[in-house]
Amino acid sequence: MQKKKNILKNKIVSSSLEAVSEIKDGSTVSIGGFGGIGIPENLLDALLKHDVQDLTIVSNHAGQGEQGLSALIKQKKVKKLICSYAFHKNSYIFRDLFLSKEIELEQVPQGTLAERLRAGGAGIPAFYTKTAVDTDFEKGKETRIFSGEKTVLEFALQTDFALIKCHQADNLGNLTYKGTAGNFNPVMAKAAKITIAETELLLKTGEIEPESVQTPSIYVNKIVVGENIELRSEK
Amino acid sequence: MSFDPKNNDLLLTPKDIAKRIAKEIPDGSTVNLGIGIPTLVANYVDPLKGILFMAENGILGTGPKPKEGEEDLNYINASREPVIPIKGASIFDHAEAFSMIRGGHIDIAILGALQVSENGDLANWTIPGEARGGIGGAMDLAKGVKEVYAVMKHITKDGMLKFLKKCSYPLTAKKVVTKIFTDMALIEITEKGPILKEIATGLNQELIEEFSEPKLIIPNQTSFISKEK
Amino acid sequence: MQKKKNILKNKIVSSSLEAVSEIKDGSTVSIGGFGGIGIPENLLDALLKHDVQDLTIVSNHAGQGEQGLSALIKQKKVKKLICSYAFHKNSYIFRDLFLSKEIELEQVPQGTLAERLRAGGAGIPAFYTKTAVDTDFEKGKETRIFSGEKTVLEFALQTDFALIKCHQADNLGNLTYKGTAGNFNPVMAKAAKITIAETELLLKTGEIEPESVQTPSIYVNKIVVGENIELRSEK
Amino acid sequence: MSFDPKNNDLLLTPKDIAKRIAKEIPDGSTVNLGIGIPTLVANYVDPLKGILFMAENGILGTGPKPKEGEEDLNYINASREPVIPIKGASIFDHAEAFSMIRGGHIDIAILGALQVSENGDLANWTIPGEARGGIGGAMDLAKGVKEVYAVMKHITKDGMLKFLKKCSYPLTAKKVVTKIFTDMALIEITEKGPILKEIATGLNQELIEEFSEPKLIIPNQTSFISKEK
């Protein structure tokens, strides 16, 4: 399974651009967010300025409107998209490139996507689920019956990088999220070799109670305070 | 029959359907609401019934819409609408939310449908051959919860039937729908076949039969679904 | 998968004895706790007074000393024990009955036990793990290689009842734990058809912040305020 | 050789071994400590090295022992000892704790051993044919972490060897130990074979070779492990 690098050095980086600078051609990158919140907007913005190509992106959706993931797709930096909801009416940038076969798509049921990421972080190479049984999504997958119920075999999903968004981070890398803005962020942090967290607030180590930590520091490699807190990739 | 389904005052409105569904939910259920009409259901549920609404983006206990200007965008439901968590709500991440759904802990998912078959197959995510829609959490919900209520117009704008012997659109899941709420009727899926439980006030059994491909079981007594004037 | 009964009625029961009264002959019952803390001591005490037999118990250990699980085993109410640590030097009551073949044992690596319970609550009938590969625990299990690494197939573990211990419960059934006293309790709550929580404090619904809830109310069916807060099944 | 391993002042004490291990841990590592000598290691780690200790019962960042009378029994490590969480600690349940361990996020597990083989096989949980011990989290740790440091007396009280060509006791995991810390020596397991890296001050190479079944690779320079008087 994947092994995350020890990071003794300070995890705080001074800009989003620096934070994403290690992302290389061909990297697999997960991006947090759901329903327009919990999206690492500053990191996405930095990725637009970072010279990289052939990315595989893992995201709940295919980008909407013109900014954020849509802009990244428009720049043709994305070779393949793994997502649960591909063709929202506002995902026209992705849609056009998909129809002209300039981008690959792997659509995955949302719960299976979350569970595959969870497995990727938890040392489970594969698991069985009844989601997607008897549908087009079953095609090409192994099936197996447990207690009379048909299931499909799904594989762990690990990424090279996770770009996530949190409400609070302490210097050690412990994170909290506000309300439903957590969504995919915690599980993506666990499934990545290098997790880069964009935070709204930076706290001193110890300012988050141990029981209140939602993402333990071990899952976080770099932290940046989002330059433009108002920036939203989606409206 | 000279019935124009496109613009007919006798058809149930989204609000009528939502109200009818709200009555149907057993006391104490935990319910997931899909996008569209299902989201309206929360507005009509008797608070004394102790029903909890769960959203797959990580909240158990979504409450009313906040007043305009008082929205906190950190609290939304799966339809991207701002919500206020009720007293006793809990919040968690996507992995936990779907583990709750897939683990069989949610009683009912109320989902919009494109087609439903007589044995409860659900098609609700895309049209064949079109780059349209997305699967989202529909397959997880349809297979994970104990009961699926399907909500749809009884026929398409073009007059195509949607309650079918067999779905022609890509399936979301097989044999999961227990009840269908349309703008014309409430149909229950049973082992013996689909039962026409209720009809919109002013419509009649023959009309529902005409617009349904499967043979409907007609009970001795069919009730009527009330409609707001 | 298992389906938990809707419980609209008040979840609060007035005594531990009443709380465990539904447990029947042959039931599978998980019991929280690790290292002497987070153990539902009052519920265990009630189970000693409840007329029941042929239980299958899921627990991290085999009971230590004379009280709690050990006492239950001594009463010969337990047909089979599923645990990760069977033969602690203080588990002499279990050990004697095991050696005289009066109780069955299924020993499971601790992480696999936690993951099997997690799978039981999450609708995953089976998963692969490298834990226990090339050991006696691999015997009789399916193996499979993923990316060059040998793994074993492990199955979900669900129980009829979970007896758990929490620090706070609200009237709706939301729970919190203190420090490491959570341990197996949250995951056992998720894997049971009926979860019975013994709490130290009972709060009004709404007194626990949504983000602070550690076990959402949906996983809890009955709540009892532990009669004797000082009671410890282990010293 | 007339060496009495049962009672010899030249053997390293648990404290000596713990100190040596503490020096070995790379800066910034996250470490899980087993029961016994491994637990002592935390006492000797330079705080400036930024090492985090993780306990499988759900805490990342265990700190010092509380003073007598100030223990909060809700905060313990996996050895059941009261601990104070450090600033920046986090607390979670067993499922999350083991997902962290099994997912490869912990750098080093320091585990007591009954036997270790020359290729790094670890036996540390029971004796064949005896109803003794339990597996606990040892198999998850041994397979899940990046490196296993094994800690043991070099030979048993009865003079039986414990560092072997092949373990005779039931295995915990194959090919996982990278370093063995005994009361006589520090041995590193490599692809080429076990290297005798260090010897307790006052002992010599021949003695270690005599008490080790596998052939040891002897480097040009062997250091000595210091011992407290």
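Per-chain numbering from 1; labels A, B, C and D assigned in written order.
Convention: contacts are C-beta pairs under 8 Å (C-beta built on N, C-alpha and C of every residue); 3 or more make two chains touch, one makes a residue touch a chain.
Because the structure is a prediction, the values reported are computed rather than measured.
Each of C-D and A-D has its own count of C-beta contacts, and the greater count is at C-D. For the pair chain C and chain D, the distance between mean C-alpha positions equals 30 Å. Inter-chain centre distance (chain B to chain C, centres taken as mean C-alpha positions): 36 Å. Centre-to-centre separation of chain B and chain D, using mean CA positions: 58 Å.
Annotation for chain A: residues 1, 115, 118, 122-124, 129-130, 177-179, 210-211, 214 touch two or more other chains. Residue positions 59, 85, 91-92, 99, 101-102, 144 of chain D each touch two or more of the other chains. Viewed as a network of touching protein chains, the structure does not reduce to a path, ring, star or complete graph. The chain pairs satisfying the stated touch condition come to A-B, A-C, A-D, B-C, C-D.
The touching residues of chain A, counted against chain B in their complex, run 34-37, 61-62, 83-88, 95, 98-99, 107-112, 114-115, 117-118, 129-137, 167, 177-187, 214.
Chain C makes touch with chain A in their complex at residues 1, 115, 119, 122-130, 146-147, 149, 151, 155, 176-179, 210-212, 214.
By the touch criterion given at the top, residues 1-4, 6-9, 118, 120-124, 170-172, 174, 190, 205-206, 208, 210-211, 213, 216-219 of chain A touch chain D in their complex.
The touching residues of chain B, when paired with chain C in their complex, are 26-30, 49-50, 52, 54, 59-61, 85, 87-92, 99-107, 144, 146. Residues 55-59, 72-80, 85, 91-95, 97-99, 101-102, 126, 131-141, 143-144, 170-174 of chain D are the ones touching chain C in the complex.
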